Structures are given as C-alpha cells and as structure tokens.
Amino acid sequence: MKTTNAKTMHPLLRKFGPLLGCIVFYVVIMLLRKADIINGYYMQVMLFAGVNVLMTASLNLVNGFTGQFCIGHAGFMSLGAYGAAVITTMVFKSNSIPEAAQIPVFLLGLLCGGIVAAIVGALIGIPSLKLKGDYLAIVTLAFGEIVRALLRLIQPIGGARGMIGIPNYANFFWIMLFVVLTLWLLRNLIYSSYGRAFIAIRDNEIAADAMGINTTKYKIMSFCIAAFIAGVAGGLYAHVLSFIQPDSFGFVKSADYLVYLYAGGSGSLTGSVVGAVLLTILPEVLRFLATWRLVLYAIILIAVMLYRSEGLIGGKEVPFLRIKRSSLYEQPLFGRKKNGLSEE
Amino acid sequence: MATILQYLVYGLQLGSVYALLALGYTMVYGIVGMINTAHGDFLMIGALGTYFIAKLFDSMSIDGTYPMLAVGCIILIATVMTGGIAVGVEAIAYRPLRNKPRMIALITAVGVSMFLTNFPRALPFIGPNPRPFPTLFTPKTFNVLGASITSTQIIMIVLAAVTMLALDRLVAKTKIGAQMRAVSMDKDAASLMGINIDKVISITFFIGGALAAVSGICYASVYPQVEVYMGSWLGNMSFVSAVLGGIGDIRGAMLGGFILGIAQIFATAINSTFGYAVGFIILIVILLVKPAGIMGKVTIEKV
Amino acid sequence: MRILEVKNLSIQFGGLRAVDDFNLSLGKDELVAIIGPNGAGKTTIFNMLTGIYRPTSGSIELEGESLVGLKPYQFAQRGISRTFQNIRLFSNASVIDNVKMAATMHSKDNLVSSLLRTRTMVKHERELDEKVMSLLEPLNLADKADLLAKNLPYGDQRRLELARALMTDPKILLLDEPVAGMITTEIEEMAELVVRIRKDFELSIILIEHHMNFVMPIADRVKVIDFGKTISEGTPDVVQKDPKVIEAYLGGGYQNANA
Amino acid sequence: MKKILRILCLALCVIMAVSVCACGPSEKKGSVETIKIGLAFPMSGMAAMAGKYSTHGADVLKEELGGKITVGDKEYPIEFVVMDTEGSEEKTANVYQKLIEEEKVIAIAGPDSSKCMLAAAPIAQNAKCPAITSFGTNTAVTEVGDYIFRACFIDPFQGAVAAAYCDGQGHKTACIMFNNADAYSVGLKDAFVENYNGEVLAIEEYSGSDVKDYNVQLTKLAAQNPDVLLLPNLNVELGLQIQQARTAGLNCQIVCGDSADTPDVAKVAGPAIEGVAYVSAFSAESTDEAAKKFVDAYVELHPDELPNSNAELTYEAVKMIVWAIQNAKTLDRAGVRDALAAIDGLDLPSGKMTMDPETRNPIKGGIIMQYDADGITRYVSTVNP
C-alpha cells in the first residue's frame, strides 16, 4: 500500500515531503498558538518533549545502535546546559547585547555546550574500550555523579544554588529545528558506513573487529556524537527553563531517558520520538489523579513493557527515518517482514 | 590512630549495609541475569514493615525496647513479608520477560521501583513522613584502642560476613544451590534436567528480598529513620558494590560493599567537600584496573 | 615471493602450550589445509593469525610486514580475513548490510558527508550496493538480501560469512570449518565454491576442516596438528600415507570416509 | 506499517483528548465566576513531606473560608487548585503554565523550594500572575520580578538571626556541617559565617540527602569542641544529624534553620533533640490569638499531626492572597499584585505582617525556639539583628 504510493510519488515530493510536512506542522502549531487553542502550557510540554526526544535519540545511538550501556546520560546534558548558559549569560551578558546578536550568541552557546559534552564524552568512551556491559554502566553512573558533585562546588556558576536569569531563547522554532535536524542527521549517520559500523559492534564485536572495523574508534565516536547532541539538548533545556541547578541532572533523569528509550523501542529512531513524546505527556495527562498519579504511571509503564516488550515501536522505522536501498528492493533496512516471506 | 580506627568502624558500618544489600542483588543477578533496580525498595519495605509490625507489638515494649522474643518475631515477619513481596513482584512483572533482552527487565524494574515507592507514599496512613525506627536492641558500646564500637555495629558486620558465607555454602553445597547454578548457566538445559525453574527463581527472589529486609533493619538500626524513599539510592549503591566486587559473585559483593563503604568514609574524612566525588573516582579507578570487578574474572569470549 | 611467512609461532595459556612452533609459508593462490583432532590448537592458530590472540613468541609476516602486536581490525585491514567456526554474523542486520558492514574500512565517505548524505556519498552507497549484490549473486544469496541474518538457514549463514569475509578484499582468506554440520551435497557445493572463489579472487586460502573428503580434493598442501605440534606436512597424498597421521588422527575414520 | 499508523493515531488521540479536557473548563461561563487560587507543591518525590504539610496548611484556610469569598459586597465561590510539582523544576514550570493558562488562577501559592520557584517565577512574571513562594528562601526568587512574593524569611536574614542569637548567648566558637548540594543549606551557612562575631572553627560538608551517614564529619567537628554547632539542613536529614552529633560527643548547643520546625525531626532525633534551638517565625505553642486559632483548626482537621513551618507558611501565603483579593481595587491579577504589595499589618499566625513593597519580602522578626526533652518547642527569644 504505502510502497506503491512511494513509488508513484514524484521524486521531488518524496525528497522534500518530510521537510514540507515539518513546515506545515510548524505553521499549524503556530496558528493554533495564535488562536490560543494551544496555550502556553501545551507549548511548554511540547518544548520539554522536544528536548527529551533529543536526549532519547542520542542515548539511542549509544545504547540502541552501538550496543554500549550508558546510564549517566544526564551528565552530558548538564555539561551542555552549563556550557551554553555560561556563554549566553556570563560571557555575553544577554540583556546587554543587541537583539540581533542574541540568536548568534544563543547558537554559539549551544555549540560550546555540545563541544564540552563531546570532549567529556570522548573521555568516557575510553573506559568503554576496556569495560563491558554492567561495568561500563557503573562507570557512566559514577561519571554522572562526579559531574554533578563538581558542578555544585563551582561557585562562579552558582554552585548548588544554580544559575538564574538564563535568557528564554529556546522557543518552539528552535526546539523543532533542532529535533528535525538531529533526527535527519542521525538517520543519515545510521544509514551510512558509520552507522553500519555501530550496528556491527552491537551485534558482534569480535566479528566487527575481524572485519576490519576499528571498534575503539567507532565506540568513542558514538559516545562523542551522542554526548554532543545531549549537550545541545541540555543547552536548549537551560534556555527553556531559564534556571538550572546541578541536582536536576541526577540519576533520576538519566533513568527517565532509559525508560523513554526502551519503552519506545531501542534501535529505532521512531521509537525514541514516540517514547519520549508519549512519556513526557503521560504524567501531565494523569494530573487529575493527584497523589496517585505516579502510581498509575508506574503501572502503565510496567504494562507497556510486559505487553510490548520490544518497545512501542520495536525495530521499526517510519518512512522518513529510514533510507531505502537503491531501487532493487523496497524494504526497511532493519525491518521484520519481506513480501510474502515472513520471519521464521 | 584512634581516629583512623574510628573511621574504619564507620566505614565498616556503612559497608555492611551495602554488602548485605549487594548480596541479594548479586544473587538475583547471578541466577536470573537481571539488574533488579527495585532491590533497594525491598530494603525500604523491610524497614517500613518492621516499623509497622513493631507498632503492633507496642504493648510488649518496655521502656521503648522489646523483649528478645518479640524482636525475633518482628524481624521474622518483616523478612518473610518482604521476601513474599519480592516473589510476587518476580511472578507478576519479571517472569513474563525472562527470555527477553535484559534491558527490558531493567526498565520494568524501574517501573516496579517507582510503584513500590509511590504506592505507600500515596497511602494515607503511610505517607512521605520520616519515622523514627524503633529500638530493637539496646546497643552496648565497647572501647577498642580508643575507638568506640557498638554491639549493633558488630552484629551488622558479623551478619554480613556470616550471610555471605551461608550463601556461598548454600550455592556451592546444597541441592537447591546446585539447581540455582544450573539455572544460572543454562535455563533451557536446566529445565530439561527436570529442574523447576520457576521454583528456583522464586526461591532466589525470596532470599534476595529477605536479605534486603534484613539489611533494611540493620540500616534503620544504625540510622534510625524510615521513609519511603530510603531505599532508592541505597539500591544504586548496592548495585555499584556488586559490580565493583564482580557482579554475580557472592564473595565479591561483600567485598565490594565494604570497599565502597570504607572508600566513601575515608574520602569524606580527608576532604568532605570532595568526598562524594572522590568516592566515585576511586570506583572508576578500581574498575579500570580490574575491568571485571575485584573478584570477577575477565571472561574471554571463545572465538 | 611468499605472501605469508609464519615462523615458530607459539602461544601459552597458563601452563598449557596450546600451539608450539608453528611454521607456515604460504604462496600466492595457494590453498593450505590445517587438520587435526579436536582441541589440537587449529582455531588458536587462526586467532593468532587474525590478531585475536597475541602469540607468546614467533613472527607473522605478511608480504614482508610484521603483524605481531597489531589489533584484529589491523590484520583485516592488511588483508587477512576469516570466517568463524561458530557463526558470528551481525544477526539483527539484513544480509546485504552484513556484507556492507565488512566494507566499512574501504568506505570513502567521511563523517560530514555521511551526516549530510551528500550526492557523492549516495553514489558511493549505490556502487557499494551493486558490488555487494554482484557478490551475493554467485553465492545464491541475492534473493535473500533483505532477510535478517539470524533468520537465514544454516547453510546460507555459512555462505554469508564467506561473502562478508570476501567483502573486506582480503589477500588471504582463513576458513574455520566451513562445512561443519553440513550434509554431503552441501559439502560438495561448498568445495566447488571455495575453488571458484580462489580462482576468481586470486586468493590464498588457509582452511581448517575435519571432513577429509572436503579437504583432500581441493588442498594444495596439508598440515596436520596434534597437541599444538605439527606432526606431518605435505601434499594430501603424502599426508594420507604418513603413518604418524593415520595413528594420531585419521585412523579408521578417514579410510571409512574414503571407502 | 499499519501498526505504526495505528500507534500514531493513538498518540494523536491522546493529544486531542488532552486538548479537549484542557479546553473544557476554560470555556465555562457562568454568572458568578469562581475565583481560583493555584497551589503548586511537591506531592510526590523526595520532597513529598513538605507538600503534604503545605496542602494541609492550606486546608485550614479552605475550611475557614467555607468555599466562599466576599469581595466588596459580592460573594464568589473560591477554589484551591492543587498540583503536584514532584519537587522538580521542570514539572513546577509545567504546573505554573497549567495553573496560569488553563486553570486561569488569580494567584499561585508555592512551591516550597527556591530551586523550583526560580524555574517557575519567570513564567508567573511573564504572565503577570502574582505568585508567593511559601518557603523559597533564596534572595534571588523575588528579584525575578514585581509579581513574585514570598511568605518566609530570606537566607541572609535567617543566617543573621542565628548568628546574632549565638553571639547573644556568648558562644565564642562555632562549627558548621552543611549540605553542599542544597541551596537553602548553602545560603544559611554563608549568611551565618558572614554575620557571626565569634570564630568558626571548622566547616564540614556532605552532598545530597541520599545516604544519611554523617558520622565522619561530626566526629571531626567534635574534636574541635565548639560552643555551638550550626546545622542549616533539610528536615529529612536533621533528625539523624542531631542524633549522630550527640553520639559523636558534640554536647554543645545545636542551632538549626527554620526547617527544623517539623514534628518529625523531634520524633526521629528522640531524646537527642533536647536543647536544639532553631530560627522560626512562628511557634505552635504561641499564645497569640491568630496562632492559637491556626493550630487548633489544623489539629482538628488532621488529628494525628502538628503543623510545621511548611504548613504555617503555606497558610500565610494563601491567607495573603485571600486578603489581597478582598482588598484589591480591581479583581484581576494586577489588582491582586498591587494589594499584595500593600499588605500592612495583616494578622497572621506568626504575628502582624507587613510586606516590603520594594523587595516583596515580608517584614517579620526572627524568633528563636528550642526543643525540650519531650520534643515540645519552647519560645526562647526574639532576635532582630
């Protein structure tokens, strides 16, 4: 059904369709916002959902595609958040710079935040050469805690009191732009020789090594890219909330992203999007339950894992997030079914 | 010298809590192969349960302390109850996922943990308030080379060691231990050998839950405050201990717990500002030197 | 010029000398078979020749370059590729991706062009697809290109491993029991395939195998290993008649198989 | 493919359902408009206890009002909308948006912590909705803008009160153990160090309230043998800290911040609580009429517990809002803000309260309270540094 559509679609439409869709989505949302059908509350939940999508997708690169086990992802986020906030509030005082310069400063901040996180990501990648599985997980957990403990002690950036007065630059446009851009870049990456190297390491590290894949290099690269994205996401988070403090980026937050990732379906970008968005919205939807809210949230989470243990979107991708192979076969790269021939 | 000895006592005290909890953690990991992030919450249930059972026994309490028999009953009931809850959790939430990737069970365990803390928190008669833990034993204080050590501390440290030995023997020598080892190596093959896997895993969870309850009682005896979130971070620390010792290894779990406890205390003693971070740095360094934990062997995958 | 020179290769695990003084001089386009009873140390030799184990002593020289101490991926990049006795595919990736993964080191695309999916990068991908398909065709895997590797039948998985090893563009191919668990007709097919690959790709091949009726017709030379030591060496005919070999390994088994 | 579509549809349905639910109440029309006051407190998460006391405190006022509020000579129904912040900044920001945009509350009381308030305050300020933090002691909170108020002390004041008290008692040397992960704790410590005339012998730290072992720090401090020990820490930690301090041989005077004003601290600390002094704005045994009325009403509603500082401050915050609504010139958010800033001599349990219109902090004196051996609090002195 869908494939025939895709075949008959005009190639230009096929290429720019998703982009067009995004623009239409953005315009519709903004119109609804203007009409006040979508109020500030929904807008804000959407902003957080966007940040969470970035975080989950980047965690997916490490855990889902490269098969490493990182449980301290919020640590990278905090580095990015602080890095970006320092640029926009301390290096360039946001209220004293002309309006035209604000956006470049904001983007510079995000870039710096991302780079700081990526550098540390590379450092964390190094133990991953030696440590496997749970042992690596513990190192990432410890890393997250160390970052948190150190941020509390640096007084110029507020210490335990946190940083206040971060300008509110990250609006829906920027969040959406970064989500779309990141998903596009990640998709491209995964369907390239780099992505194949990551998946090879995940599926069988020894064989990957024997096939000439420098596992060390690719593992560090995976950590680095994921940390960069997490850093940018942290920067956006800081500029949505306009206040950050070290304890927001603790283990609980890292665990949240793990939940989003695996409930959505690891190894699938679509899963990351769906998991992050739905699970960001769910606790808000359950507000009418008052004190019993998180009890029901927990039950729903357990039920999802029991009944769809591969995640909501396990192992599948929507058409925009996968790339079809030349023209010979119209099949998903990591799909489960082939015309007529089903899974054995 | 006396101060260092005193710090060592504190380190052993904290370490024995980690160790007792890590023993159950590592056992469940070794036999079922899952990271049960809800393990720390079993500790909370054990301690909170003890509090409420002790309330029921309150008429027997003289001067705020209970006669030995009552103490035995309280501990027994709390331990069995927690073990039972652990078995129930396994049957409902973990069993259906036994053959799924282990990350799936991990996420389910996060959900279970969330449920176990939030459910009592939402119950009106429990709620989020911290409560004073009843004095089950009146501690005697001894003076050893200038450092003071209480009977409770000695009991805890000894208990951790004895439990470790008992578990080690249980797994190595008894029939159920042999079955556990068989299940841990190959569930399908064990099943073909006529081993009732469900039963073995239930027993494992029972032991794990009961041990968590015991460590909860120990923890609350030296830090006498119980509340619903008390187990969350302890659970993580016991996971860290278990991994540090070589996850799945019973002796390693105890060693890991004590090392972590002592490392944290001494790091804090040297500089309390950085103590928290330094504790974790020590952990990373140990793992880089011993990539499979202290007792764990690096398994070379057969090619 | 010999392509591979292995001299006095030994490895020790604890007190056990798993391989002792192994020597091999491999010529271009030569096919050498290593045979020996289970546990004789054959796979250990392969693991040393691909960098997975580091030999305790001895040298490995590929076209004059010493390889001892390099990482496995560097062995592969220098032209030694292998298949595994216990199949090691990238099980959650499709057949075509399995093969493409082996071409990673030849990829001409850098990180930026991959992230942006530039025109050149797409062109390279397309060329790669075609190359892979042309490799899968003769191996009877072309129509299964989009199945997940873990869903393939056993024989196909073996051939996929072969395809993957070939994709690294090796000078030397190491085949670790390529026909283990196969039935007679499949073994014959595989023998034909190995011969064809050797010719088409101008490869030197070292193979480990138990099935004598697979090894004997295709091997140029045979080395017999027992307890880590080379006990006999020569053309198949010579080895078959060596009494030491018959005693140590072939015994009645080979004669039965030959009958 | 179909499955994906199905899931996407489901997701869409969920989103739509939310929007419908949300749009429902805001479109409600009636002749008499209900006045809504938002309450943002942590009902779950580590800080859930603060949320519990806070909402219980608000319940007292709710009972007092009986669901009605008279403005001028017109009677309006009044409603308290309680929302859970989980003690997280992110969730608090969501709660503020929801209360302001969807529930259309006229003003918000809470949350109790500075960190959550710092994330939420810009939202209230942008929407021009008055907000009063009950326990956000960080000075920066009210500096966000002219719509942000507070019901409690600020850190520097509290630290100064504690320091003045210690000086007044003739304590020449002090030791401090504080939580370097908590802004309240850090703030109090800094203010104490700045204002204290005696000598601070040693400062020990710990991070977070996760594992409650303070033995090492307290043993080190005991070796200093100070006249006074300052514990400016969270109420879930204080009980054990006081106990461990006594065990470690610190038999000196212990002084805490207003977080110590929680019955649970005394319960957990047991006999060790005797003599612990803390800074407070309020005392449960105060004979002041407003205070007595509040405590009686509270105990009647929640027979098993006594009010703590969270409960009292939330009561005061909501009471201020109610008073402001009644005295506002115009019945909108701006009017309420102006009325809040003009509070002068309002009768509250902690005494007559005047709002400083410049800083939007209440002007109230500091009281030092002390626990006796049974964990009952006694008034010691009023300190105005």
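Things worth noting here:
The letters A, B, C and D name the chains in turn, as written, and every chain counts its residues from 1.
Going forward, a contact is a pair of C-beta atoms (placed from the backbone, for glycine too) under 8 Å apart; a residue touches a chain by one contact, two chains touch by 3 or more.
What you see is a predicted model; the values in this text were computed from it and never measured.
With contact taken as defined at the outset, chain A and chain D are each touched by B. Farthest from chain C, judged by the mean position of CA atoms in each chain, is D.
The centroid of the Cα atoms in chain C and the matching centroid in chain D are 71 Å apart.
In whole angstrom, the spacing between the mean C-alpha positions of chain A and chain B is 34. Distance between chain A and chain C, defined via averaged C-alpha coordinates, is recorded as 40 Å.
Centroids built from CA atoms put chain C at 49 Å from chain B.
In chain A, the residues that reach two or more other chains under the touch definition are 149, 153, 206, 291, 294.
Among the residues of chain C, those touching two or more other chains are numbered 52, 84.
With touch defined as above, residues shared between interfaces to two or more other chains in chain B number as follows: 118, 121-122, 273, 276-277, 303.
The complete set of chain-chain contacts reads A-B, A-C, A-D, B-C, B-D. Partner chain A is touched in their complex by these residues of chain B: 35, 37, 93, 96-97, 100, 103-104, 106-108, 110-112, 114-115, 118-119, 121-122, 236, 239-240, 243-244, 247, 273-274, 276-277, 280-281, 283-284, 287-288, 291-293, 301, 303. On the side of chain D, the complex with chain B involves touching residues 44, 46, 48-49, 51-52, 180, 204-208, 210-213, 215-217, 219-220, 223, 236, 239-240, 243, 264, 267-270. The part of chain C that touches chain B in the complex is made up of residues 43, 47, 52, 84, 86. Chain contact summary for the complex, chain A toward chain D: residues 1-2, 37-45, 48, 149, 152-153, 159-162, 164, 168, 241-248, 270, 274, 277-278, 281, 283-285, 287, 290-291, 293-294, 312-313, 316, 318. Those residues of chain D lying in contact with chain A across their complex are 1, 3-4, 7-8, 11, 14-15, 17-19, 22-23, 43-44, 82-84, 86, 88-91, 93-94, 97-98, 100-102, 114-115, 118-119, 122-123, 127, 138, 140, 144, 179-183, 185-187, 207-208.
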